[in-house]
Amino acid sequence: MVYITRREHFSAAHRLFLPDYPDERNADVFGKCSNPNWHGHNYVLYVTIKGEPDPDTGLIVHIRHVSQLIDEKILQKVDHKNLNLEVDFLKGKVPTSENVATSMWKELEPGIRELGGILHCIRLEQSENNIIEYYGE
Amino acid sequence: MVYITRREHFSAAHRLFLPDYPDERNADVFGKCSNPNWHGHNYVLYVTIKGEPDPDTGLIVHIRHVSQLIDEKILQKVDHKNLNLEVDFLKGKVPTSENVATSMWKELEPGIRELGGILHCIRLEQSENNIIEYYGE
Amino acid sequence: MVYITRREHFSAAHRLFLPDYPDERNADVFGKCSNPNWHGHNYVLYVTIKGEPDPDTGLIVHIRHVSQLIDEKILQKVDHKNLNLEVDFLKGKVPTSENVATSMWKELEPGIRELGGILHCIRLEQSENNIIEYYGE
Amino acid sequence: MVYITRREHFSAAHRLFLPDYPDERNADVFGKCSNPNWHGHNYVLYVTIKGEPDPDTGLIVHIRHVSQLIDEKILQKVDHKNLNLEVDFLKGKVPTSENVATSMWKELEPGIRELGGILHCIRLEQSENNIIEYYGE
Amino acid sequence: MVYITRREHFSAAHRLFLPDYPDERNADVFGKCSNPNWHGHNYVLYVTIKGEPDPDTGLIVHIRHVSQLIDEKILQKVDHKNLNLEVDFLKGKVPTSENVATSMWKELEPGIRELGGILHCIRLEQSENNIIEYYGE
Amino acid sequence: MVYITRREHFSAAHRLFLPDYPDERNADVFGKCSNPNWHGHNYVLYVTIKGEPDPDTGLIVHIRHVSQLIDEKILQKVDHKNLNLEVDFLKGKVPTSENVATSMWKELEPGIRELGGILHCIRLEQSENNIIEYYGE
């Protein structure tokens, strides 16, 4: 079993808050991330797939196809977008990195299975100091 | 003459558009950066100061004081903020990296002179692929 | 189960040696790290915590609290310090990255449990070429 | 159990193709990596070893010896070389990162066992966007 | 005057040698870079343009157009190619980073002038340890 | 005129203080860098040389020779050393990055001239947030 990881980027705006909470409680729970005027990040996304390399080609999956899948299912929807307002797969969720990473897993898993790989990890870096990893369980 | 650079970070939302332009023209000029729902970045800011090191201490300026100045004049105003709506020194300007960098120069220059240094360069990285530098002239 | 990682930095001096060993043996075992006049590093510390995101807030832990805990329990004690002479939790140990990482685990584990997370990994980079990871077992 | 990782670099040329495939099929499977005139990369290699730190010295292995082993078994053979034509341990294999990583495992495992460690992971970065990991199973 | 830099990547094979030199002299002058079987690198290319930001839009040039120009004039010709054999603008030159950088200047300068900017610097990183900069004079 | 930069690393201990100053004044001027028990850093050193590439070989200088010169004149003296106690070219100076960079210029300039290049810049990164550059004037 070998693991292959593809790194991608996107830039997006978001705000962390719960509509039921009064402003002070949102500020208390989410700190400056609750700013009602939004803020944003350059996100770095790592998608790790496991599988057995084809004995002839030495490839687990065609990485071009993985890159196209990530572009279609994720980047087209989140890059230069507002994660609270514009992303179908984040509807009704606070766009914390935790929720973004687990939601991206669901978006990518079926397509990666079709490409012949097994999705192993979604790693999302909101900044170089704050990193989320999700292994699907 | 020796040059000292301090690196700082901030995360912010913005939108590139001119209110007089119709949407299609904004999209044409500013591309996906004109998205009306905002997007955002992790910005990296480098402030370079020149001066002659003190013959006793070997220091150009006290870097702690520079860091405090940047925090007070810049980071408090832009970190986790909306560059279009909330930043006094960007009022009335399209928040392109060009405009943000030249505006930051004006905010920092007097304070750095008071600390005994000469502001040499503002470098602003909007992403690792897009970088602006301004030397005050 | 989702994993969240916080990255922090510190700079410290240290020396690798055993007081019972003659100098040549220390030089043989620890190489240039045994220099009696000390040397030092910029260490990068990654603390990884696992847990289930709160179904409302989408957060595993409040990352601000984690950052405060690391500051209080670790950074205040090691940053700009001598790891051989000044750090209570390293007393009597050779400050190899292996020993520093496993000692930091013991310092951080109870506080992270109190914050509602499970400590998963301490990763300590002494340089970009030499990295230690400890998973508590 | 503690994990120690050593990072190394090498630069090499390669070409991905199967001699039995017609050119169009190679182009279809391997994309621009099948260019008959070769291309190349700066590879980054991470070798991770696990073990229990010696209770006296606090070391898992002597990292100098690991570095020498990697140099002798790997870097001397691949750095500034052609991975298709010049590397004994890649003979008869398409030099995909998958095949390079699993082949390097076989080259390094016995020597690391002799040094008293257990090889845990070979991580090979062909670029910052394409990463392979192999855990020996 | 403000400076804007665009970062791009390419991977290529090359060999440093002079056809008139005997092999030993090539090995002496170019070291392991003279390997007749080629080797290769992941190159990082920074193109810096200077100009005055448009007073309305706050832009020096449309960075999308710069990126397209670099792609058409440079990346299409060098990415996943052999710098000795396949690149028209390097014909008859030893593909040292010095020669590659000065040749890229000539390829890019007219197009950047047409876009309304002034080419200021070509920076070419052959590895993170070896960097070339050319300012056109 | 083309510029070539070589990047190197070293790790060292130091302390910033003036022996005539009372402890409180040292603490006030140098902050936590005045800790009497030392601290240390991983320094990154960039040496930039300018010159005209040889019309035949396309090289400014033989970068191997530059690397050997830096090793002999600088790295052998500072790597895994104490900058206050053990470095001949820093005797009698407070080892601020400003003083270290200007002193390294003096050590390197004659040898680089002998190699046929012109020393252009010494850049010293004490951390990724604090950077010194010196151009010899």
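Order of writing sets the chain letters: A, B, C, D, E and F. Residues in each chain are counted from 1.
The definition used in the following text is that a contact is a pair of C-beta atoms (placed from the backbone, for glycine too) under 8 Å apart; a residue touches a chain by one contact, two chains touch by 3 or more.
Predicted, not measured: the structure shown is a model, and the values here were computed from it.
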Exercise. Which chains make contact with subunit D and with subunit E at once?
Worked result: none
Exercise. Taking mean CA positions as centres, which chain lies farthest from subunit D?
Worked result: B
For this session: Would you mind working out whether subunit B and subunit E touch using mostly the same residue numbers, over half shared, or mostly different ones?
Result: different
For this session: Please determine the option from C-D, B-E or D-E whose contacts repeat those of A-B, over half of the contact pairs being identical by residue number.
Result: D-E
For this session: Find the chain most remote from subunit C, comparing centres computed as mean CA coordinates.
Result: E
Exercise. From the C-alpha centre of subunit C to that of subunit E, how far is it in Å?
Worked result: 42
For this session: Quick one: report the Å distance separating subunit A from subunit C, using the average Cα coordinate of each chain.
Result: 29
Exercise. For subunit B, what residues touch not just one other chain but two or more?
Worked result: none
For this session: So, with touch as defined above, which chain pairs make the list?
Result: A-B, A-C, A-D, B-E, B-F, C-D, C-F, D-E, E-F
Seminar exercise, completed: The residues of subunit F that touch subunit E in their complex are 1-8, 46, 48, 53, 56-60, 62-64
Seminar exercise, completed: subunit A residues touching subunit B in their complex are 9, 11-14, 32-33, 35, 37-42, 79-82, 85-86, 127
Exercise. Which residues of subunit B touch subunit E in their complex?
Worked result: 16, 18, 29-31, 93-99, 101-102, 128-135, 137
